[in-house]
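Shared between the two complexes below is subunit A, which has subunit B as its partner in the first and subunit C in the second.
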Partner chain A sequence: MKTKRITKTTRDAMRGWLCCLPWLAGFAIFTLYPIYSTFKMSFESVVISAEGLVRSSVGWDNYRRVFLADVTFPGILIDYVGSIILEVPIVIVFSLIIALILSKDIKGKGFFRTLFFLPVIIISGPIIQKFMDMGLMTIQGAQSNPVLLNILEVLPESVSGLLLKLVNSFVMILWFSGVQILLLLSALQKIDGSMYEAARIDGASSWECFWKVTLPNVRNMIVICLIYTIVTISTFDTNTVITTIQTNMFQTSRGMGYASAQAWVYFVVLLLVIGLFMLLYGPRNEHIYGNTKLAKLELKRAKKLKKQQEKDLKRLYRESRRYRE
Partner chain B sequence: MKKNMDGMKDKLRQAVPGKVNKQNAVHLLFKVLIYLFLIVTGFVFLYPLLKMLSMSLMSSEDLTNPLVVWIPYQVSWENFSRAVLVLGYLETLWTTIYVSVLPALLQTLVCAVTGYGLAHFRFKGKNVIFGLVLATFIIPTQITMIPQFLMYRDLGILYSLKSYLLPAVMGQGMKSSIFVLIFFLFFRQVPVSLTEAAEVDGAKQIVVFFRVAVPIAMPGFLISFLLSTVWYWNETYLASLYFGSNIKTLPMKLENFVDTFNKMISASEGQAGATANESVQMAGTLLIILPLLALFFVAQKHFIEGIEKTGITGE
Partner chain C sequence: MASIQGKKMNPTRFHRSQIKFYLVLVPMAILTGLPIVFIFSQALKPLDELYLYPPRFLVSHPSFSSFRKLFEAMNSSEVPIYRYFYNSFLSTFLTVVCTVFITAFAGYALSKKDFKAKNLIFSINTTALMFVGAAVRIPRYLIIYEIGLIDNFAVHIVPALAMPVGLFLVKQFMDQIPNELLEAAKIDGATDWYTFLRIVVPLSRSSLATVVILTFQAAWNSVEASELYLNHDNLKTFAYYMSTLTTTGNDVAGIGMAAAATLIMFIPNLVIFIFMQNNVMSTMAHSGIK
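Entry: the complex of A and B
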């Protein structure tokens, strides 16, 4: 009996590993090794010549050039960080508002869901680029709005530049929120209605309900959406950081070593950005009004305790009987 | 029962006139505002697309005419015929379809197997693998593409579709971590008792997978395949790196639309004076989006339900 159970677990383990094997092999070949390789290359000068790759070690030179000698790259990076810090909260808040509206009893719900998801299908670098060139990513006249122009004049140049970029690509930012709306919508629909009832009975207003019941319940989903948004915006084709890296790859003066160093700097910056957002709004154990999860956990613990007690009692009983005999 | 209660409450409200009217008015106003907001944002969402449609139909006179904002005076179909010519439309469309469908198919299957393994079996190191899958989502392609490029060059598969297929077969295709996650969530819904019953009946693992697990996780397959196709279709960054000029998909052709136009149309006889104005460019853009729009309107239910189900089973 016992041996059979062991074989079952080992068999399961073998099958599990077998299923994951192609992925693991792919991960090692196409992800892990390239990461290591890029890291190594970032300390080398790599030139493609007729004989093949010519690599020579240059130490920290590439990184020094990225930060000190390159005229454009640090500026592009700072722009990228600034725009992402502005854009991600806009996407999240917008998605949350739309999801909240669509989770209510609204006519044409299906139509709007489809409408807001539509951009996910067609969003691609060249098309967005064309739309931006034609000025279609902003509503006509938004740039020449006198109120906006006045605001822009007062602000320091770097901030106003960011703001102008925001206005120019406003529709595009909204276009990034298709998947997030659906994910948040499903999270909202999953919230137990009795929690709202309980809160209402305790006298909470809709406003309080939103902050005390809705938001804590969808927090995990918001965190997922945050990461998703950051990654999609960062890896989007029109992002100047990644286009710079790609053009540098084939430039003889810069080369792959330099591009690798840039890629690593970019990766670290991306991680820092994600870290920053997680710090501000990461997954946290907070008290949720009438949290069913916590209650379930409590119940589980109580049951376990009871079982243990019963067991102890039985053992005690058996022992005492043996003792009597 | 609950509905009855609500109905009674409504009736009670109607019975007390003064207070209720005010409440109703506020309620109505709120509702109108919400619909207004939805319609305005809906319009903003569609604005570039509507504008594209209207511009693509304009003749060059209409474009410069300040009186024409949305509806052109005379519909000019010439834009489309020229765009079709410049894009080499039918041929490129066919290329784009197989460049996106084939890798998507392979990627879906491999991610399904991986997701199944993670969801269905208990084994040591499972959490580590799961963590790795999620981590690959954050790793930007920029950090892996240079060695991959060199690797494909050494293997001799650069500038061919194989440079898409090979990583897809190994589960490292476009955003594959999302698909592994989707399949993990869907396969987790398959009750263990069901697969065990099949096993007791003497079914082999493969049979269990295809006959029991796959039908239950069908929405997962659909959404993964659809999303994967769309993402491969729209990818130009890696495509231009791996394919060079050997394979040109529709979005890639859009990038140098104006150049091609100048070479093909403006230089040819009898078309003197034809420039790649906004109308022609928008017609080209519309033609590129069109197949995706068609796919979306055929399969929109699967797209939306798939993601919603993922969200509901998720976390």
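Entry: the complex of A and C
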């Protein structure tokens, strides 16, 4: 019995890799590698000719053109960032409200849940473009509403422009909340009812319960929803930035290299936006302990303890084997 | 606030105090439900109503004229229409089944297994989510060309298998399954495979159902493979055929046919959704993850 055994942890790790493998292969070939090649292309001029793709290196030229020579693209990007900063919190708040109501025991709950999840199947289809063309995404008559017009006149143009955009795409925003409502609902249902009971006994009002019990408990799910929302909105087919990139791709004057550079700029901007949201709402663990330093110490001690335990277990195991032999 | 049921804090039947909830829910529900009504009513509109200005939301004289035109056009196509249907169903079915398996495995490994680079893989996945899908089209074509999948039926399925959004949702959901549950199973002598099938999959069923819905959507509506990677008409899908009907048929009847085609394309989505959503909702409520 002196053959070298594979330890449990390495076997576990190997199984983990094995489980990941099919997915990893597909991901690497069809997603990761193409992304890498657009990165390479963004430093090249790519011309589609009869003999196939003709590529030649141009250095940072594409990026310089994106920022310095392109008339429209920086403007579109700035517009986009503004609208996403506005839209994402609305989606989250809206889905949280709906999820809160749906987690209550009201009549027709199942029906409403289905209905609010429904946009998921429409939003990804080609149908959405048709709706946009027909102007169905706006609330009819909202733009000519005298109250709204007055408000818009008072505000500075940059703010009113955003507001108008918001009104115009309100229905659209609601439509982006399908999956988010679902995720939040599942998080809400996981909250232990006795926590509310305890809070009630201590004299907390429903309002306080919401801020002190509900919100901290669904916080992690909100972060997930945040990422999901930003991603779905910004990789959506009818997004203006994406349509611009797409048209540039097949233009002979600009071509694939230029479009790749644009895509990468957009990608970096997106990462920055997500980073911003993470800074504001990102996961925090301190609130459990109240003190970060203390929490870190605690964590260290726990890890040490665990290591010690593992060591002890291993020793015991070895000894027991020796004993058996 | 939430889930105080069972403690009898919430009334079990309709109560006047609940009206405020309905005041929020009903208008929102109507807003989100409208598009479905619109799809149906648009498909049933006769030609003169389709060109009405200002456009009217509901059909006033429903007729099947758009459908009749659509079927006439279908009959005159070179490849029999059932061939497109068969391609669509087969590719969608295979894509959905394989994707669910692959995503579930990967999600399980990333969430519950301990190995190096696991966090790295997941963060790469999350960042890849944000990359513009359209921009990778040409590199992807080159890869598919090199692998030799051009004019191969598998091109409908293989590139769609690794779905970053799906993995993101599934992994996050599986993270919520307590490790103690798995440890308990292990102590009782459950193998890895058994734990996965009997504990992890049932508990994350709602996220898997969401993946099914999303994948079905993507696969059923996809025209990318038919447009770019396939030259033989008898390998192309129904979605592609529909899109050719509505874009090349630029005549007056085109818009009616487009509406009818949209409805036909939409119905399988709706059916799958109705089947799966029940799964999503009910398991969500009794998932036992606490």
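A few notes on this one:
Just so we're on the same page, the second predicted complex is superposed on the first by the 264 of 325 C-alpha atoms of A that agree within 3 Å, B and C clash if a C-alpha of one lies under 4 Å from a C-alpha of the other, contacts with A are read in each partner's own complex, and residues count from 1 in each chain.
Convention: contacts are C-beta pairs under 8 Å (C-beta built on N, C-alpha and C of every residue); 3 or more make two chains touch, one makes a residue touch a chain.
Fair warning: this is a prediction, and the values are worked out from it, not measured in the lab.
For the composite obtained by overlaying on subunit A, subunit B and subunit C cannot both be accommodated without a clash.
Of the two partner chains, neither subunit B nor subunit C is touched by A:313.
Legend: residue contacts after superposition of the two complexes on their common chain; A:78 is shown touching neither subunit B nor subunit C.
In the superposed model, A:302 makes contact with neither subunit B nor subunit C. In the superposed model, A:103 makes contact with subunit C only, not with subunit B.
Residue contacts after overlaying the shared chain place A:227 against subunit B and subunit C alike.
After overlaying the two complexes on the shared chain, residue contacts for A:280 are found with neither subunit B nor subunit C.
After overlaying the two complexes on the shared chain, residue contacts for A:54 are found with neither subunit B nor subunit C.
Under the contact criterion defined above, the residues of subunit A that touch both subunit B in one complex and subunit C in the other are 9, 12-20, 22-27, 29-31, 33-35, 37-38, 41, 53, 98, 101, 104, 106, 112-122, 124-127, 130-131, 134, 136, 171, 174-175, 179, 182-183, 185-186, 189-190, 224, 227, 231, 234-235, 237, 242, 245-246, 249, 256, 259-260, 262-263, 266-267, 270-271, 274. Of all residues in subunit A, those touching subunit C in their complex are 9, 12-20, 22-27, 29-35, 37-38, 41, 46, 53, 97-98, 100-101, 103-107, 110, 112-122, 124-127, 130-131, 134, 136, 171, 174-175, 179, 182-183, 185-186, 188-193, 196-197, 206, 209-210, 213-214, 224, 227-228, 230-231, 234-235, 237, 241-242, 245-246, 249, 256, 259-260, 262-263, 266-267, 270-271, 274. Subunit C makes touch with subunit A in their complex at residues 1-7, 10-14, 18, 21-22, 24-25, 28-29, 31-36, 38-39, 55, 102-103, 105-106, 108-110, 113-116, 118, 121, 124-140, 142-143, 147, 158-159, 161-162, 164-165, 167-169, 172-173, 176, 192, 206, 210, 213-214, 217-218, 221, 243, 258, 262, 265-266, 269-270, 272-274, 277, 280-281, 284-285, 287, 289-290.
Residue ranges on subunit B touching subunit A, taken from their complex, read 34-35, 37-38, 41-42, 44-48, 51-52, 55, 110-111, 113-114, 116-118, 120-126, 129, 132-133, 136-151, 167, 169-172, 180, 205, 230, 233-237, 241, 251-252, 254-255, 257, 278, 281-282, 285, 288-289, 292-293, 295-296, 300, 303-304, 307-312, 314-315. Subunit A makes touch with subunit B in their complex at residues 9, 12-20, 22-27, 29-31, 33-35, 37-38, 41, 53, 98, 101, 104, 106, 108, 112-127, 129-131, 134, 136-137, 139, 170-171, 174-175, 179, 182-187, 189-190, 220-221, 224, 227, 231, 234-235, 237, 242-243, 245-246, 249, 256, 259-260, 262-264, 266-267, 270-271, 274.
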